[in-house]
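I'd like to ask you about the structure that follows.
Chain lettering (A, B, C and D) follows the sequence in which the chains are written, and residue indices restart at 1 in each chain.
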């Protein structure tokens, strides 16, 4: 009895307690705490904390050198923005620039010097040992090698750094080799001018017509800002863009007129246009009469173009005669810019195509004419602080095969991929060695015998480039916004350590020197990114003031110069090229009789291509949206697919005599029948790795015969049975 | 909400004819909002792309072939917002003050009902723990908290920036933020000025003018969800393809 | 030590049987842990398929589990004595279906720890909130209805207080039957509502009556139509396995009849709803229904199968008392009914997601990953285990002892 | 969820929704609590679970024989019997010293106008009567110590017999419309007559005792 009573009391107690507790705040507080805990499960990264500092700099990822506003917390950049009103980039930043800071942590970054041992295996070595090794190689090369046996591949010539290279090489009788870049063709034009010519720029903004041979005009050509300007402007005042390109690129699709030209027939089309200009007398008679050295006479330009009647040209290029006439007339109707484009993956046009294209500029009297080709004055870059002999700068294409014994590749990213075979051809077959100073595993340099990692653009001070469309010279600096890791080293420091004879200045000395000379020149104006306005250089009292301005993200721009067109040769001075122009109508013979059934045309994306890696976020986004297909995909037209028995999504292998790559078939009705387009550049797999076997296999395929041109590659496309 | 502050209706106008599919908006968005770098096996359907640029071709041959690029983010539906009603625990809501549809990741339990309900496929689920490459965590934007695994996320018109702008205004004793103080990352980054962001309620604003213009249209207007993202194009085929035309009750499209 | 009831299978046989299912359950459990500890990327769901096989099967299972509340409703409220034979098994089945579904749902959501936020910050307008509330409460009710069965194990019924507790529960079983009925009517409905309310998904969106879309009512009707059929199937299956006549013919016949008529009503309303949808609802939101069925994998055949082949046909069989006498048909027809309901849930869940709403989005198909299948297999085996144990240790079938005696 | 908590609005839909569910929850909870509470009132039945079942014999007349000190036996109703009768309205027990003969009527109990006659499980002399309503007992000095037999069962036989008895009971009940009495055909309720007032109890008692 008593027992049961106890139990009832007990229950009462418990019940009452429960009710009482429910009325107290305790359980609700408890629930809230649980809530807060469950709200943060599971893992989340810790965010940087602290005050946000704002600094200005220039982007060093390509030669466009866009102005950047960098927001940093605790010394690491947490945000990158454009700089409105910037004279060159006008607030523009491309996707790569926005995400570029992530490259410093890219998985493919090289974190220690490595060397390829006798066993062919790559292994890490201490920095000192690496430098010693380089010194030894330098010595044997010098003992055995003649002119140009030591060479530096410079992806961004024209910098003060480049001058230091040339001085260093000068002492070694070495060669300073230009890496590929989009204004490479302009040197063809300079070569066509008689006598010394200044640096030239294209005045796209003021042109009436833009005749682009596959240049990414609307995808960030030159300052990048140019393209956006062109798109942004209203139809009335924007230049008429004629895109001559086989691939349905974004520019081709956005251009006012897209001429889908048959692969590799640009030369013929250019001469066809010239034919119309000449026969209809649309060219600038005055200038031609005064300055043209090779118009008339046997084998002259007139005789040459006479053979390229629109009808004949139409048959070869696949563009109907009427259109050719129409374009020629439009072209002649005012100042025009001709751009023989360099594709980031497909490389340059053939030398004769470039020459033929620029002959149109000369015919139209656009050289030295606003809205055409304008001159830039040299400004403080000609002489070094300490005098010394400078090695000549040569195009990679013009380097004799097998001449290089020791090739040192500068670390800066070029953005333009080079076929492995091309580089290998230039090396001495027996003892050609490659030393890479790149911070990443770079496609063309995957086989480098020695790698000494340098800094990434956001970590080191250097000059931002001068874009192709800048009418005047300028000086902007890539002010470091991140600390350079201990394992990275400036290329000049490496050279100074192995320099036997000459003394190599530091990059800061070089830049300060140029800054001072610019200050002494008293020309141009300086843009202050924090204020968003420019002030005349003369307002800077001391050279120290200018240097301070530049090192805090300012930009000096030169005053524009006038330049009258000197005498010129419409077919250029180079006999070989002239000869090829004359034979342009002959069918191009397929390389080494390789029976091909399809034409492989590698291409690259302007801001995310070439030989550098891709920031993880870009790799991810392109992967998830398929907005840009990487080298794992091959685009062909439905008809070709039908003929070869492919359907969308098939796996295919593209073969040349040099090798083969495996791709997934993608269909696009806008592609030319019989052509396959494969992107070159970092794969979007993983974090956007550009290293061997992931990024740029397409460039292992071309053999790069006839003057280093690999736009059009005869190939086979076979089904892969899985 | 207080009666004194006038209603804002933040919205966006995207000029398809100016978009060249460079993807800068996507990159800027991901960086601004600390969108995690999802592992490669995610493929095209498991990623996180708050703003996703679709490339659409007219399937014609040269010279008639044409391609349009359509950046699609959350459309911030202003009417019967499909995702808000369905969320069982009020993790999605429309801010009555400015019409921004926001997702509260800390409250989301990841049932994904909102994703099923969204007609614009603009909501994304964290199938993985958030990942960034080794050592890049200190490059993240301190203004936006990253989301954890197992929750839904989407475009919120760069809420972090809106918040910051409001705080700045408050610190200067203003109740209103100036139009130029608040821009989304995508609008800021677009190199072609294809994206215009602003207050649709403000009739004089650029965005309101464009949205009212003859070339503007909304995606899936016929669903009656009242999206606050508008699109512009002069290309007939793009409009016909992108804007769903209302059907009469016999189920045939009317012309 | 709890002992099995008289005339049950020998221990060795039972252990081998149960062992197999426990193994299967373990696999499912492992896969479940994978999802909970590493994230849902182990499934094949994606941003276009927020709901996958789990939701589809949960809905199906819950619909079939409706037998529980519906029989309880008929027996206790409407006093349909014929159901006394099956009520035990019905309650157990219901408990299995609902508890299993809830567990799978917990794995299905990305942040199970936050599931309780639905009670903390409920959104009264969300059908899913309604589902959650009903499901939780009804699961409680089922548990309460299950307890007396457990207490009826002779070794337990020795304890007087347990006996009395059981008795007390039985005093109020009517309350539970009633509450259960209300709850499950509602959440079967709100499960349908899930789809009908999606104004952004023209394929799923339906006309509304007051605050509820037509699917709300269709789901209730289809569930109470399928529930009895499922009961028939399971009990027949159990009889097959145990080689015992567990349920009297009258019970089967009654269930069949109920199922038949309800299904007929459902088919009628479903057809009407479909016609309205084709001619009004879908066009009004800018879509012609032909767009929905243009992909072969979801052609009009599926509509036909759902309504006619697996709807009208079995309904006609089940309402015919002569056909109901045929044992073979009493297996085939209920089977068709259950499949038909499954198809309906499949279409509403998966087809509505396969179809893109954006004109430039693609049609996506989805196939479940091994993990998803494994987890669900685990749930099935959980059901078998619970049912076997209940059959072995609890007097599920009052009829059984009479048979045993004679 | 609760007023004053985030996301709670005093709007009709919200109130109906939450109100509805909270009410239902409350109902379920309350019923459960009540059941639990009742179940804790332990009754001490002689021959119930509290005493040892050592040497207890079970008579087919639903009586239990429990040997007590001094060779006497305690006679009381078994579990099922108790449940069948619940609390008798009236009872007639034999007087002390009175003789009872095995198989002959010994005790008579009335419940709801129905009378149940309990036969004596053994022959002997009543030495003590006790208890009240459902807890009555007789203490008897038997003529001979009872042994298992046709009508007296030990623990081994009892179960199957009981089950059959229960089935018998159910058969009787289910012949009428009494869903609740045999909760899903399981064990009977503690107090059947009150649970199923409208059954023909006279018939049932004559069947069972």
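As a working rule, a residue touches a chain if its C-beta (ideal position, glycine included) is under 8 Å from a C-beta of that chain, and two chains touch if they have at least 3 such contacts.
These numbers come from a predicted model, not from an experiment.
Of all chains displayed, B has the C-alpha centre closest to the centre of the whole protein C-alpha set. A centroid comparison over C-alpha atoms places D as the chain most distant from chain A.
More contacting C-beta pairs link the chains of A-B than the other of the two pairs A-B and A-C. Taking the mean of the C-alpha atoms as each chain's centre, chain A and chain B sit 32 Å apart. Taking the mean of the C-alpha atoms as each chain's centre, chain A and chain D sit 95 Å apart. In terms of their C-alpha centroids, the spacing between chain A and chain C amounts to 62 Å.
The mean-CA centres of chain B and chain C are about 39 angstrom from one another, to the nearest whole unit.
Each of residues 42-43, 46-47, 54, 90, 107, 129, 148-150 in chain B touches at least two other chains.
Touching of two or more other chains is recorded for residues 111, 114, 117, 120-123, 125, 129 of chain C.
Residues of chain D in contact with at least two other chains: 7, 40-42.
Chain B makes touch with chain C in their complex at residues 41-43, 45-47, 54, 56, 70, 72, 80, 82-83, 85-91, 107-121, 123-129, 148-151, 219-225, 241-242, 244-253.
Of all residues in chain B, those touching chain A in their complex are 18, 20-24, 26-28, 30-32, 34-35, 37-38, 40, 42-44, 46-49, 52-55, 57, 59-63, 65-67, 106-107, 129-130, 132-142, 145-150, 188-189, 191-193. Within the complex, the chain C residues that touch chain B are 38-41, 45-51, 108-112, 114-115, 117-118, 120-123, 125-129, 131-132, 194, 197-202, 278-280, 282-290, 352-353, 356-361, 364. On chain D, the positions that touch chain C within their shared complex are 1, 5-7, 9, 11, 13-14, 17-18, 21, 24-25, 27-28, 31-32, 34-36, 38-43, 45, 48-49, 159-160, 163-164, 166-167, 170-171, 174, 177, 179-180, 182-187, 189-190, 195.
Residue ranges on chain A touching chain C, taken from their complex, read 31, 35, 38-39, 41.
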